[in-house]
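In what comes next, chain A is part of two complexes: it sits with chain B in the first one and with chain C in the second one.
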Partner chain A sequence: MKNNKILNVKNLSVEYKMRGKLFGRSEGASLKAVNGISFSVKHGETLGIVGESGCGKTTTGLAVLRMLDIAKGSIEFDGEDIANLSRKRLRPLRQKMQIVYQDPFGALNPRMLVRDIIGEPLKAHNVVSDSIEYKEKIYEMLDIVGLSKQMGERYPHEFSGGQRQRIGIARALILNPKLVVCDEPVSALDVSIQAQIINLLDELQERLGVTYLFIAHDLAIVQHISHRVMVMYLGNIVEIAERSQLYNNPKHPYTKALLSAIPVPSPDIEANREFVMLEGEVPSPLDPPKGCPFHPRCSEARVDCRENKPVLKNSEGSHAVACHLY
Partner chain B sequence: MNSRVLLEVNNLKTYFGMEDGVIVKAVDDVSFDVHEGETVAIVGESGSGKSVTALSTLRLIPNPPGEIVAGEIKFEGTNLLNISEEEARAVRGNKIAMIFQEPMTSLNPSISVGRQVGEPIEVHEKMSIEDAQLRSQELLAKVRIPDPIKRAKSYPHEFSGGMRQRVMIAMGLACNPKLIIADEPTTALDVTVQAQVLYLLKTLTQENNAAFVLITHDLGVVARYADRVNVMYAGKIVESGTARDIFNSPKHPYTIALMKSVPHLNSKEKKRLESIEGQPPDLGRLPSGCAFEPRCEYASEKCKTQRPTLTLVKEAHKKACWEDINEE
Partner chain C sequence: MINKISLFFDEKKQFNESRFIRFCIRLFKEKPLGAAGAVICVLFMLTGIFADFIAPYGFNDINPPDRLQPPSWTYFFGTDQIGRDVFSRIVHGARTSMIIGLSVACISIFISIVLGVTSGYFGGKFDMLLQRIVDAWMSFPDLVVVIVAVSVLGPGLWQVILVLSLLYGIAGSRIVRGAVLAVKENDYVNAAESIGVSTFRILIRHIIPNILAPVSVLFTTRLAAVILVEAGLSFLGLGVPPPEPSWGSMLSFEGRSYMFQAPWLAIVPGIVITIVVYNINMFGDAIRDLLDPRMRGSGGQKM
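Up next, the complex of A and B:
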């Protein structure tokens, strides 16, 4: 049987080394941004990653693209372990993996024409034979993301946030990648524009069969676009499940609190909702709590939770949770 | 509604002059009111004029380039636009408090938190520094900052984003204001912290019997906290009503479209979001008719040339639209 997983991550850890004695920390201290996580993504599916700032969701996205060096673990991408590949060996693989960034203002070179921004990956990977093919590909991409040919002859500053995000998506997709990491792709956009971009990403997936790793803090958007959702807290996966499972039957106390914290745009529903209000804030990843990373804020924490870190285990089918209660 | 009107904004126009001579009508003929003890939301996207409306209410528009060119802002019966700057200062931070979006930049980094929270009391109530400090510690306890006596001596950089916003709230509440205006108070915060801070803000305004004007782009937040809602688009209020009017039977095409473009957390199946095509208009070059007309699926010829004003749909529910739309 053909392997139906595009991405299989095992025991991945990413650490950031803290330099110098700044703030009194000794040399060589390290911040565990991602702490031994394992997950996999199927061809053509969207895995949403949610969590609050500092939970490691962006680091996870960058690590699977090997835009960061990893401390431990394996990343099997399209059948090949890329965790320890050299830059040179990674280069041809980069065609198959791309990224769309959060900030459509900072991610595009202001001094390049939009057509050259979109076409740059073609040149970098030497995949077109002549300038006619180059132009055709760019026009095709512009069309796919809903921009006109003429718009290619302009500079990024002439575009609105939503249009810039379309440019970023065109650039990411021009090499026909298998995996695209979308890092908060709509959080800088206005509500009415967010829907346009989300719909575009949905359409492109249907049309091109691309796999998304969709990173965002907005659960409503993640729930909308994802097939499966993974919740992270302080560098760990606390829960991962099929989207309706996660939203209708959340198990981890953190997932419950996160869902409850999000207001639903309906006064009738809000009036009858039960709240799980979380106390305190996310601890510093430089000094993570012992045991379960969530226990200091958890209303259901027991002695066990303070001592032993729970592992992620399946509670039913594809629904996995890292909590001593299950 | 039998409570008294606390704030009444009538036909407010705030314009900004640009360097190239273009006049940007950031707020254009806006009227709304706030009753004692209620929560009123002003909701809109970037550039809709919601923040400028709030700043105008406190006469905090930088001039130049901005100017309040017309209208009145009646607070407890006094038109705030007719009083002197000195009298306006006696209102700001005292009877009306404002909480800004950025708790990082709204606090002075070189003054201790306790001192900053106590400052409005020193100024408005002519209290001594020592007494103001004691009151400041009480306020910090009220916004649930742990160990307030010790934390009052800390500086803003020693606080997290959520804690800083609590400090801002404590400062806002210092003089027991009758009206609190919060401009995107939790946009910079994480979801769980956002929920804590908004809940605190709402509870404390209720305890103080103050009215609360909440400015936000987040429809979920509006649904959770607001009694009444004003929807703004391109410098104008396009629809206003109770939260249930606005969410359950929106009448303006922009509001209708906005409601459909946000994903609902509780929706069972995955369906396509309905997006609003195009972009919001350039406020310096507004069309002569309805500003939403170019993006509106219901627009007719009349909408191109004539600008609609707010008219009554039914009790307290108003819309600025020529068309009669019934969508459930």
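Up next, the complex of A and C:
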């Protein structure tokens, strides 16, 4: 049971220290971007993470890669607890975990040739012995992501957004990593290109057996690519379930509201279906509400919700929800 | 600098030469003004190097009967108050200006990059401490530092180079740091970290190539400024001691004293300084544009 999990996160918290008065010591408050979440990801599956802006999904992705310092909790990656490793000890582990960024324009160094961008992980970890092997690997990777050999001799600014995202994916996959965090990899792209990139990611997963942590705010895309989906709200997991269960039978009121916001491409259904409208704004994570973080906006909130924070029930099963209604 | 950017591939050595030639061709094609600047800069350097062969007279050959002669075929730029040939002194002065200008520009840029990049990239307490030291250093008037240093070390070429390099290097580190702060926020720097690239490689490959635009501007403006500052220092007697000629001392000392009797004494070094400084700036701008792959000519790149 333990062995088929590539990633096992327990009670993870990430805090950002707010600047205090002059030297920012004890006076500064801390912002809990991620508040004690636990989840696990199996080998070769895709876990989609959805939620509004500021709900902590990107922070979760970065924390799992230890691109951020974490405040509490443990992150077991490939059988090793990486929560407290130093930067130096993490460096060799970075071969096994990669990230695809949201902004395809900012993620590639404009001064480097595409072949060098894609080949950088090879050089960083000294995995190739000579330049012939190096080149072959790059050409192979270019081919896998659907770019031609000659494109390696160009600079990033000569490519379109979708092509750049392919370059970013090639760079992430060249070392054959076990886990790739995709941080909204398609939200900066045109809709037609989005489908191409999603299908490419899908295809690569089948071919290479890589595990994805797929962060997005577009529920339709997450539905397409994920095996399981995790819904976050204000730094907490509100629901985590198999894809079909979550989309067909959402339990948490917040998930219901999110799902009802997906437009349905049929006017008849669209006219008759039930909408769950959310009122109000997301509370500030600096001053989160007491009890359930969602209760100020929840139509079904009860007294209990204002006082006690619900825990994630049935977290080992296929459908876990953090709500007092269940 | 061209090589620094392209040295990632192993066959770089055999490509170096053709890369350089290609770069020169692009310079002439895309930036004619910059190319003219480059030609003038090269001429300026050659003049400095071969001053002994170019100058018809020695820089200190005194010929009192011919003093304050206007420009003529014997004396291209006329003569000064003790009959020295201004043309020969300009040619020899090019050597002084070149040595001071280039060495101060190079050393100060090096200091700026080392201080600015480490301070900007590592940030935190280190940055805080270093920047307060820079603040303290910059709060001394430049001239005071120079006067103190020269009175301790004695006047001379190398003392001037040392002091000016430190002054400009430390002040310039602010500009470099600012550029680094902007560059380091880019996702490609985060990406390199997430890949596991070592800090040193991140600095060399991702940070420094992307701050070359402000750095090259800094370099050329420094080069030009140093030639002018050396002129000022020579005027105060803090620069290169006479009779060694320097453009600055010619302009400010002899030129100013005999402004009405012999205007060429001021006009000639003035024009020469202007031409050289202008062309250095043009050349610097052209290099900055050409080194940026995004600014490549609209003609489209070969596949």
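Simple rule for what comes next: the second predicted complex is superposed on the first by the 315 of 326 C-alpha atoms of A that agree within 3 Å, B and C clash if a C-alpha of one lies under 4 Å from a C-alpha of the other, contacts with A are read in each partner's own complex, and residues count from 1 in each chain.
Simple rule for what comes next: contacts are C-beta pairs under 8 Å (C-beta built on N, C-alpha and C of every residue); 3 or more make two chains touch, one makes a residue touch a chain.
Predicted model, so just to flag it, every value in this text is computed and none were measured.
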Clash or fit (per the criteria above) of chain B with chain C on chain A: fit
Partner chain(s) touched by A:Gln95 [first = chain B, second = chain C, both, neither]: second
Touched partner set for A:Arg154, first chain B, second chain C, both or neither: second
First (chain B), second (chain C), both or neither touched by A:Asn314: neither
Partner chain in contact with A:Gly106 - chain B first, chain C second, else both or neither: second
Once both complexes are placed on the shared chain, angle at chain A toward chain B and chain C, C-alpha, multiple of 10 degrees: 80
Minimum distance between Cα atoms of chain B and chain C in the superposition (Å): 9
Set of chain A residues, in rising order, touched by both chain B and chain C: none
Interfacial residue positions of chain A with respect to chain B in the complex: 52-53, 160, 162, 190-196, 198-199, 202, 217, 219-221, 223-224, 243-244, 247, 257-270, 275, 277-279, 281-282
Complex contacts: residues of chain C adjacent to chain A: 5, 8-11, 186-188, 190-198, 201, 205-206, 209-210, 212, 292-294, 296, 301, 303
Chain A residues within the chain C interface of the complex: 65, 67, 90-95, 97-99, 101, 103, 106-113, 116, 120-121, 123-125, 130-131, 150, 153-155, 157-158, 168, 171
Touching residues (chain side chain B, partner chain A) in the complex: 45-46, 160, 162-163, 190-196, 199, 217-226, 243-244, 247-248, 257-259, 261-268, 270, 272-277, 279-280
